[in-house]
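Both complexes below contain chain A, partnered by chain B and then by chain C.
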Partner chain A sequence: MSELKVNNLRRTYGKVLALDGMSFDVADGEFFCLLGPSSSGKTTTLRAISGLEELEHGSVHFAGRDVTESAVQGRGISMIFQTFALYPHLSVEANLAHPLRRSGESASDIKKRVGEVAELLRVTHTLKRKPTTLSGGEQQRVAIGRAIVGRPKLLLLDEPLTNLDAKLRDEMRTEFKRLHRELGMTMLYATPDQIEALTMGDRVGVIREGKVVAIGTPRDLYGAPTNTYVAGMIGSPPINFVTATAPSDGEIALPFLDQPVEAPGVSSGQPLVVGLRPHDIALANGEEGGIPAKIHLTEPLGDVTIIDIRTRDTDMKMVLREEVAARFRVGDEIAVKFDPRNLHFFDPSTGARAAHAAT
Partner chain B sequence: MADTASTKGGFGAWLLDPKRRGALLVTPAILILFVMNIFPLLWSFGLSFFNYKASSQRVPRFKGLDNYGDVLTDEKVWERFQTTAIIVSSSVLLQLIVGFLLALLFAKAFPMRRIVLMLVLTPMMLSFVSVGVFFKLFYEPTFGVVSYVLNMFTSEPFVMLGSPQGAIIGIVIADAWMWSPFVMLLVLAGLVSVPKYLYEAAEIDRASKWRTFRTITFPYIKSLLLLAVLFRTIETFKLFDIVYIITEGGPGSSTETIAVYLYRTAFQFFKTSQSSALAYFVLFIVIVLTNLYLYSVNRRAEEVN
Partner chain C sequence: MARKHREIGKAGWGYTAVASVVGLIYFFPVLWIILTAFKTRTDALAVPPKLFFTPTFENFTSVFYRASITTGSSQATDMGLYFFNSIFIAFTSVGLALIVGTIAAYAFSRYPLKGNDTYLFIILTTRMMPPIVVIIPIFLMFRLSGLAGSYWGIILLYTAFNIPFSVWLVKSFFDELNPEIEDAARMDGATERRVFFNFCIPQVLAGLSATFVFGLILTWNEFLFALLLTGVETRTVPVAMARTLGGEVGVDYGLLAAIVTLFLIPIFFVTFLLQNQLLRGVTFGTVKK
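For the complex of A and B:
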């Protein structure tokens, strides 16, 4: 069993608090993503788990053992660095063989194992070359190969796709999922990119300023974000927020609507932040009436177009399929609608989820 | 047809014309270089084919390649080359070891590092003459510091420069003391250029300290070490000042390097033509070494790119 328990990690750099009570568990064989903006403590967390970083407080348990004080070498944990960190003076083959040198395996066994890994990652043709002569994607694959060649029980990945271009990133996302399935290894993946986290993670831990603010499956985090931070972090284009108040119990008045909408569990006079996802806003056809809105910006993405609309001083984003969006120009008046059950309510002072219309 | 610019301003204006400014600025340097370096170089080359003696009034006679023949068959020349080789190899080796260890020390952060580093670099900034005088005084048998310290253990005064071996060791120590900081600087430059994440990757790979040094650190300092060896070899090969001050080539001729021998031939025995021939012989060796040096500098530059 190779489950990981990270408990209450704390680390400061001078006056900057990098980790402030970071805690989470990763189950055996799970693909767990840490999602957070830059300098939120992702890298420090991974380095602390690998043992490269010393902690002021907290513990790391791995495979049922307290490894907080263990040396890096004794943890059975491997890591892929954002910079790939391939040894520039060694051939790809020697890079891949490097982690096996201490295990006492025979030269022929090492060669065989390197061959297997090179095959798995499709870098066999580069074995004799130096890393600097490889393309970014090939370097990335070699870095993965070096990390998995020693059969670690846990693989840490520190923003491994940040240094690649967009097309390669898509390819490598699929590659990581395939590897995870084929090797059955526990993986902990840090990324600032919500798409990476949502597409690859079995579960995602959203972190902010050195601690976890929400943990859940991608579906849970998207469907029922636990606070405004998570709601804003997940989903593209980002969720629309408007402030509103409840005129009476169970009802809420939105600034762009004449009629209050149903909001069970909301008490009279309560101020709220209301979240509405761009994908949950649709065009209204003539008979339905709908909310009048004016288009003031369009961002075509190919298959869909993000449309910035203004309705009574409130700016919002919505998404339309390209063939629908093509009918409109900037400045056109349209009518939109949404299902009140898709509204998310948050407390304006704490940012925590207040109530949900659907529950 | 009169050129208005030149007729108006005369020679001064013509000279200060912006077109000629570059040439005007380099002329003094070229002149000095020619008078002080190039002319003597060619003149001495000419002299090496005559039997000129600077101390005699006789009209020099053309001797062809005889001087070169004399130098090549002179047993003393080969002995002096041997002495030089011993001093060069042991001094450069000592500089490498000490410089390398110092670099490892200074690659780490410790309190007062900058101040200590400055102190360690001082010997290299001193003039050869002062280093020579320092060590001559250190080695002095009656009041020198080396003799004083050793006197605490033995009752007899210690004469460092009394034996041929002792004299060579004394010179090697003085030269290595002066130039180890130079090797250290080069190696240190290599050490700090190693990206830190490579060491972290090696830790993750469970690599031993020795393997980490071999696969990561050494490739980064390899070419710089070669540069240090070549540069120091060229310099030490011409070693004169320190030897001349500390031992004057003695005892006997046991520390007489080729440079000291050359000086003696030219200015004590006044065999001017023969010494010119010997000087050209030395120059040839230095040029070969320098080309090796330049070759490795270029290779290093290619590696860095």
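For the complex of A and C:
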């Protein structure tokens, strides 16, 4: 059992509060992503779990054992660092063999194991070379190899793709998923990139200022964000927010609509922040009730185009398939529509989810 | 007209010529000393100076053997001992300073104290005044403690003088290292001792070489303390060299030049041996991968 329980971690650096009650659980064999902007406490959390960082408060349980006070060595945890942190003075082979040195395995067993891992990560041809002579992708794969060669029960990954170019990043995402499936180890992956978190994570923990603000499957977090922070963090292009008020129970008046729309669970006079995903806005092809809008910017992405529209005084983003978007120019008047069931409601003072039209 | 192709990144003849002239200007005094070492006494004092002459090894012989005027037989001088002293004292003290300095630098870099910079500053203050200021108290201390004239006395003094410099320089090399490499080693099961010896030290070897050579050059040429604190048995070459000046027959420039030429050899040798490391050490941190 390699279940990880992180409970109420607290850590300050001088006056800066890095971790402020960080808590989450990772199940055995799970791929868990920590998603948060830079300096939100991701790295500190991973370092605390590995034992590299001391804690003022909180506990780390791993595989049913309290390891909060244990030494770094021998926790059965390994880590892939953002900078790869390969040993520059050692060959790739020696880098890969290093974690096995204290395992008591014979030299021939170590050589065999290093060979296996090199094979798995396709770096066999680099074994005799020094890490600095390798390409970024090769260095990354050697770093992965060094982290998994000792068969750790838990693998921590600290923004491992940040130092790679975009194309390699896509490849390595697939690689991580493949490794997770083939090796079956528990993985805890920290990233500021929502695409990495959503594509790879079985579950994602969204963190902000040293604590977890939401945990869920990628689908849950996208489909029913628990607060404005999560809603804004997940989804690309980001969700559109507008402020609105409820004229009567179960109805909401949006600034760009003449008629209030249905909003079950909303009480009269309640101020709300309304979220509407760009993907939930569609063209109204001459249908009735289309909302007039003007295109004022387009951002073609190849397969789709992000369209910035203005309807009355509200700016919003929507997404159209490229062949549809190609028909329009900046300045064109179009009509758009959306399904009121796709609206997300949040409390403007707390940012918490207030009610959901679909529930 | 077709432009001549030139290898990219290599200077043309013009630049090379300018560099050669500048190089020659810098090297000329040294060259002149070396030439003088091979001249007879008459050639050495000739006006105008002679560029072409019949070389002789007479001066080098007389560094180690002096013909006695009264008996006519040759007699060994103590110069061999002084060369040994210079080498032994300089290498030992710079080596000791490097060991102490490296350990201290690692501590300052990785385990900063409260007010770390203040401590570093205090360490450096010993190098802020001219040595002449402290020479009298140090001389008295050495007399009272019996260190004066002993190998350990002068070695300890040079070590103490080299430590601040070593700490500062080596600390800057440790500061440049990626701390995640050390963390990775720890997670791979390395103890703190192994992290230091097997992962940090190999990464700063170039820096250590540079520090060693700089310290060696400073110590090798030190004169003031050596003059006052070494005895007959522990005298270093710079002091012995000074003693050849003066006397009833005037300065023997040929002899002096021969000593200087011999004196240059060890430092030349070490510098060339560590040349590649030295270049990397000096440019450490200025070029990012």
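Note that the second predicted complex is superposed on the first by the 357 of 359 C-alpha atoms of A that agree within 3 Å, B and C clash if a C-alpha of one lies under 4 Å from a C-alpha of the other, contacts with A are read in each partner's own complex, and residues count from 1 in each chain.
Here, a contact is a pair of C-beta atoms (placed from the backbone, for glycine too) under 8 Å apart; a residue touches a chain by one contact, two chains touch by 3 or more.
Model, not experiment: these values are computed from the prediction.
Peer 1: Should chain B and chain C be called a clash or a fit once both complexes are overlaid on chain A?
Peer 2: clash
Peer 1: Look at A:F81 in the shared chain and tell me whether it touches chain B only, chain C only, both, or neither; answer first, second, both or neither.
Peer 2: In the superposed model, A:F81 contacts both chain B and chain C.
Peer 1: With both complexes overlaid on chain A, does A:Q259 touch chain B (first), chain C (second), both or neither?
Peer 2: Touch partners of A:Q259: none, neither chain B nor chain C.
Peer 1: A:Q73 contacts which: chain B (first), chain C (second), both, neither?
Peer 2: After superposing on A, A:Q73 lies in contact with both chain B and chain C.
Peer 1: Per the contact definition in the header, classify A:T132: touching chain B only (first), chain C only (second), both, or neither.
Peer 2: The answer is second: A:T132 touches chain C but not chain B.
Peer 1: Which partner chains sit in contact with A:R101 here, chain B, chain C, both or neither? Use first/second/both/neither.
Peer 2: Both chain B and chain C are touched by A:R101.
Peer 1: For chain A, which residues lie in the overlap of the chain B contacts and the chain C contacts?
Peer 2: In chain A, residues 50, 52, 72-73, 77-79, 81, 83, 85-89, 98-99, 101-102, 146, 150 are touched by chain B and also by chain C.
Peer 1: Applying the document's contact rule, which stretches of chain C touch chain A when the two form their complex?
Peer 2: Interface residues on chain C, with respect to chain A: 178, 180-181, 183-191, 199, 202-203, 289.
Peer 1: Taking the complex as given, what residues does chain B use to touch chain A?
Peer 2: Result: residues 195, 197-198, 200-208, 211, 215-216, 219-220 of chain B touch chain A.
Peer 1: Of all residues in chain A, which touch chain C in the complex?
Peer 2: 47, 50, 52, 72-74, 77-79, 81-83, 85-89, 98-99, 101-102, 132, 146, 150
Peer 1: Any idea which chain A residues touch chain B in the complex?
Peer 2: Touching chain B: residues 50-52, 72-73, 77-79, 81, 83, 85-90, 94, 98-99, 101-103, 146-147, 150 of chain A.
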